[in-house]
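Can you read through this structure? Questions will come right after.
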Amino acid sequence: MFSSFGTLFRVTTFGESHGRAVGAVVDGCPAGLDLRLEDIQAQLDRRRPGQSDLTTSRQEGDRVAILSGVEKGRTLGTPITLVVQNLNQRPGDYSGLRAIPRPSHADYTYQLKYGTRAASGGGRASARETVGRVAAGVVAEQLLKKFFSTAIVAWVEKVGPIKAGEIDREQVSRSLVDRNPVRCPDEKAAAQMAALIGKAKESGDSVGGVITCACRNVPAGLGEPVFGKLEAILAQAMLSIPASKGFEIGSGFAGAAMNGSDHNDPFVFRDGRLRTLTNFSGGIQGGISNGETIYFRVAFKPPATIGKAQETVDFEGRPVVLEPGGRHDPCVVPRAVPIVEAMASLVLADLALVQAARSGLAGLGGGQ
Amino acid sequence: MFSSFGTLFRVTTFGESHGRAVGAVVDGCPAGLDLRLEDIQAQLDRRRPGQSDLTTSRQEGDRVAILSGVEKGRTLGTPITLVVQNLNQRPGDYSGLRAIPRPSHADYTYQLKYGTRAASGGGRASARETVGRVAAGVVAEQLLKKFFSTAIVAWVEKVGPIKAGEIDREQVSRSLVDRNPVRCPDEKAAAQMAALIGKAKESGDSVGGVITCACRNVPAGLGEPVFGKLEAILAQAMLSIPASKGFEIGSGFAGAAMNGSDHNDPFVFRDGRLRTLTNFSGGIQGGISNGETIYFRVAFKPPATIGKAQETVDFEGRPVVLEPGGRHDPCVVPRAVPIVEAMASLVLADLALVQAARSGLAGLGGGQ
Amino acid sequence: MFSSFGTLFRVTTFGESHGRAVGAVVDGCPAGLDLRLEDIQAQLDRRRPGQSDLTTSRQEGDRVAILSGVEKGRTLGTPITLVVQNLNQRPGDYSGLRAIPRPSHADYTYQLKYGTRAASGGGRASARETVGRVAAGVVAEQLLKKFFSTAIVAWVEKVGPIKAGEIDREQVSRSLVDRNPVRCPDEKAAAQMAALIGKAKESGDSVGGVITCACRNVPAGLGEPVFGKLEAILAQAMLSIPASKGFEIGSGFAGAAMNGSDHNDPFVFRDGRLRTLTNFSGGIQGGISNGETIYFRVAFKPPATIGKAQETVDFEGRPVVLEPGGRHDPCVVPRAVPIVEAMASLVLADLALVQAARSGLAGLGGGQ
Amino acid sequence: MFSSFGTLFRVTTFGESHGRAVGAVVDGCPAGLDLRLEDIQAQLDRRRPGQSDLTTSRQEGDRVAILSGVEKGRTLGTPITLVVQNLNQRPGDYSGLRAIPRPSHADYTYQLKYGTRAASGGGRASARETVGRVAAGVVAEQLLKKFFSTAIVAWVEKVGPIKAGEIDREQVSRSLVDRNPVRCPDEKAAAQMAALIGKAKESGDSVGGVITCACRNVPAGLGEPVFGKLEAILAQAMLSIPASKGFEIGSGFAGAAMNGSDHNDPFVFRDGRLRTLTNFSGGIQGGISNGETIYFRVAFKPPATIGKAQETVDFEGRPVVLEPGGRHDPCVVPRAVPIVEAMASLVLADLALVQAARSGLAGLGGGQ
């Protein structure tokens, strides 16, 4: 059941990185939602490798197909199946690695857990698994847009030690983010980041980074105390993304160094309702959205696949030098931007449906 | 279902902060486990307020009772019900706050979500809800100790801006942690932290902090790709704790600034099995434990209840000055240590059972 | 997790038959529902033994207490904990049975499954576990009454071979059902049933029976294709009741002998909406309620505890004669009536909430 | 989430009857299981229409493909995706029915529930949805065979009023069942059944029936008190099959008419373990398998699609005569045999894994 995520809006992803196909089944999506193949494809294109010379040269050219749940461009309320064929299977690339668990990859732990592992590539641990998430995330996003005009925008805030300047989370848009291949809306920082990534690529190394995500127009009331608090489910969602190492909501770790009198968000009356003057809470109080913009950060480690020889041991414990092989991505954060957006969409759509169960009771009763 | 946590080892907590009782039901705990009331009580005593003059002066004096699931000190395999009566109900303390949503509390969001809220105190948003978690966590810990000799130890690493020196996560113990009321094993830092907390208390303010937790002797193979990755479930668990704002596993946010060639954990052969030379992964690779020590950090915001007047608005949007009232805790991290341990125990026990389902198949068949 | 039932309206029962307490936690009940202790107690009184000389002479005298989730007679939206102390513990009664697994009881299978079993009575297999279900069922029923005026009435249709005449399922009420201790609204059949039960009691034997349940004013649209079809969840609910052996919806097994042209329910227009002329479907088509009265039957075996000596073997396989001991109930169906109603209420309340998630989306958005 | 079934061994089905494809994702299947396409295809062939002149003349010619989770004929432990393309789409066939909800079909309730429905055929309510179940069931069956040599065999026991003679449930095999197209191992009764079905087909009518299923070599200890009792999950599974109307375990409804002294199954010592002399319990006591053969019956209504004109009303409530159209199956039970077997396999594999979690704990610990 752990390839599934969500309670009412529930996505199940499937597929190994070098098998026949990857994809997702979305169960519980309401009927009557517009769903166009182009919208899904657009987000997949933001995720795929080979978009720029900053990323891996693998050309995945993912084309998504809808096998069920949609008729004439509208959802039927039945499970939506989204599939992307793996056209570019090259299992041979990885054959040399078979006897050696790659450092900080999943080879060793998959072997311990399952007693086997996919013959090539990272199997389910590969970032390729996220194709299904991104496709499913678009479905969730359609729901959020239709009912709440929710806007979810993520961007690269840090690459290695280079940090972007202040980004206005109330205004930032995907088109702004996509102006450069790093997906950092601070152009000057973006240029430095691109240079750093390029340098890492050249030297066969990799670099990590941090993504920030802002969710605007999220209805108040989402999040289920106590184990389904909105930030808790967001944290699970983000830490389930390959290579992620940390999550913080609102003020986050920096907030831990503040005093309460500074950190508290006083209420004000604006636009006909209660708002908060500051937003250290990150749009969530008591685990429940308060109508302010939700924002959070996700840390990603430097990719473990590098173009350098590494001293390690094989499965039998014998010292070996692992020679570089296969294609690799010197930095995942530019391509992880749509993945973070997808996971945020899935979380919010699901919790919106759960909260809607409360308000919707009065609307039932067609039988009487 | 969101007051429940876990798949096979499943805890459900109940109770409002000023209602009749708080507690938990633990479903799915295997039979035959030793479970002594004293063990549960000991962890509850570490959580309760009034332990030292660093915490709130509320005396909860929590006494736990076992209503079901245990006979003669051993679990039966049936649901274990743990209850703590709320002896010290003082709803009157909070009556003045009724018309004013307290800044950065859950008053406003609970009202929006449920259309009502508990008449006093923080209801389910209060830290008192964690009594059930801590009690249930002891049950999980008994399982982990019995089968794997797992040791889970959390400590305070930061209070406000004060940071402890390096703590040896392979050696640190609860008794070491409990040597001072701050629960920071670096005695010098602990003294500074205590001073800072005391100062915050005096001035009616509050401070945040960071807790680190180490889990030793965790069997390899725990964690369920892809949405049940070990770090993902830990992140959900930690962000579900009241006042938590961030989570990082292993190298965390700092790891995002590193190069891959430095961050990768090479394998070595030691103690008859593969180990890693470094542990930036935090004991988890590909979402699955690798047998190394798991460690993570959790950020906590400064408590929102402070002893200072605050300018805000009431539920109708009229400007008011919120006068301080009720008891408050200037810093939650010392008391949050056993809560972090409890949530870690619940996560590991549950994922251990799930993984055991694979290895246990061959052992069934008693009927034939 | 299997002591829990439901997706959004989720009940967890706890307690062994001769432990300290039995009860339930209801998670996910909306806030603002009236919940009076008397309503819960009234259904518990219909379930408890010792109501008439037809049932066991055990006097349980169950008094329910609400530990959480309710304030001033209204639900808070937080988990509702309902507890009944086991006042009448008499573990000694069963001590002689310890080495001998009672035929058609759970002694043998609990031992195989858990490697242990409760020291006395049937543990969780005992009908006493249903106290929690009945209490929780009242909460569900309050929700259904408030929003849909749903009426759920069960009655005894058969005891041993004696069958009641036609009962009007559109009119039958609980007060009508309770006119006689057998809970069969056909007074003449009820008298025969009472005589049969009395005779079984005298001879130390037991008899089975069948309960029918009608659910009126159920909103159309409940039930979730494909594995959450309304009849599927009802079937699970009913077969989870101790001693139940069968379930049929609408025409049931008799319908299997019919032709399609007779069995189909043609639509008619009545009361401003589509109705069906006949109701062989039992108010459910395609797994979804159609607004007609839902009705189903549940078969119960004769209780396995009898007052006769039985030839069997002990746990070591040695032939023994098991002498009668303990108290027993010659027929469970009169007392199972409120249990069937409770489980039906839990199913319908949960599926109503799930369906409400669809219609409620448009009503969210308070934050904007 | 209701297109998913199971806790650890979890199947999600997808696809509408006349969309692009139908299929299933199986999550949680252990690694290392042999899985051959031919085994899946063989069961699909038993399910598909057009096998004999007793069934609908639609030729589905279903060919299954495996998109993920299997490499070199062995499961990887990752989600297994099984897809069957809908080659024979003929949406036009159903166009005339659009404005008229067909009696006892799901047209009306799907419209009420979702506000829309698939443009043709029965959408998810169609028996075509069960393609995914049957395919997934083979995976479950492989697990059960490998670890326990479990044999699951279903057969037709009744068609209309014609009942088979006694079938030896300890010996009956699939090859015996498949000797005639009715799938009734009593050849004489089978001939009468075939005649009855043929007669119904000719007259444009349909007939119902009853299937019995026996599960041999099921390990003792499966089933999770209290809501996951083995018979409860079986009941849910069976009532989720299209057209099913009833379920009974062991003695079932007939058992309700017996005395306890006759119904109890005394224990005997045989084959080195405790067995029961009789098996009215149907292999389950207290919700847990006892190692005896599990058997149960499932009632199926006569198909609602008939070749006769029917008086009914359209969606607007206007009286109409619904003329026959589309292809139809005069009796579903012969083809439902592999579906019943599939659902039984899914239930047992899942509950076996859950029980294995208990016994498997001691086997973990590879990390230490």
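Letters A, B, C and D mark the chains in the order given here, with residues in each chain numbered from 1 onward.
Everything below uses one rule, namely that a contact is a pair of C-beta atoms (placed from the backbone, for glycine too) under 8 Å apart; a residue touches a chain by one contact, two chains touch by 3 or more.
These numbers were taken from a predicted model, which means no experiment stands behind them.
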Since subunit C and subunit D are copies that touch, just let me know if over half of their interface numbering is common to both, same, or not, different. same
Since subunit A and subunit D are copies of the same chain sequence, what is the angle of the rotation superposing the Cα atoms of one on the other, rounded to the nearest 5°? 180
When I count C-beta pairs in contact, which pair ends up with more: A-B or A-C? A-B
Using mean C-alpha positions as chain centres, tell me how far subunit A is from subunit D in Å, no decimals. 38
CA centroid of subunit A to CA centroid of subunit B, Å: 26
CA centroids of subunit A and subunit C: separation to the nearest Å works out as 44
Touching at least 2 other chains, the residues of subunit A are 1-4, 7-8, 13, 30-31, 77-78, 112-114, 124, 220-221, 225, 273, 289-291, 354-355, 358, 366-367
State the interface residues of subunit A toward subunit B in the complex, per the touch definition above. 1-5, 7, 13, 101, 103-106, 108-110, 112-114, 122, 124-125, 129, 158, 160-161, 200, 205-210, 220-221, 223-229, 231-240, 244-253, 255-261, 263-269, 273-274, 276, 280-282, 284-291, 297, 299-306, 308, 310-313, 315, 317-319, 354-355, 358
For the complex, which residues does subunit B have touching subunit C? 1-4, 6-8, 10, 12-16, 19-23, 25, 27-28, 30-32, 65-69, 71-72, 74, 76-81, 83, 112-119, 123-124, 366-367
Taking the complex as given, what residues does subunit A use to touch subunit C? 7-8, 30-31, 77-78, 143, 147-149, 217-221, 225, 273, 289-292, 352-368
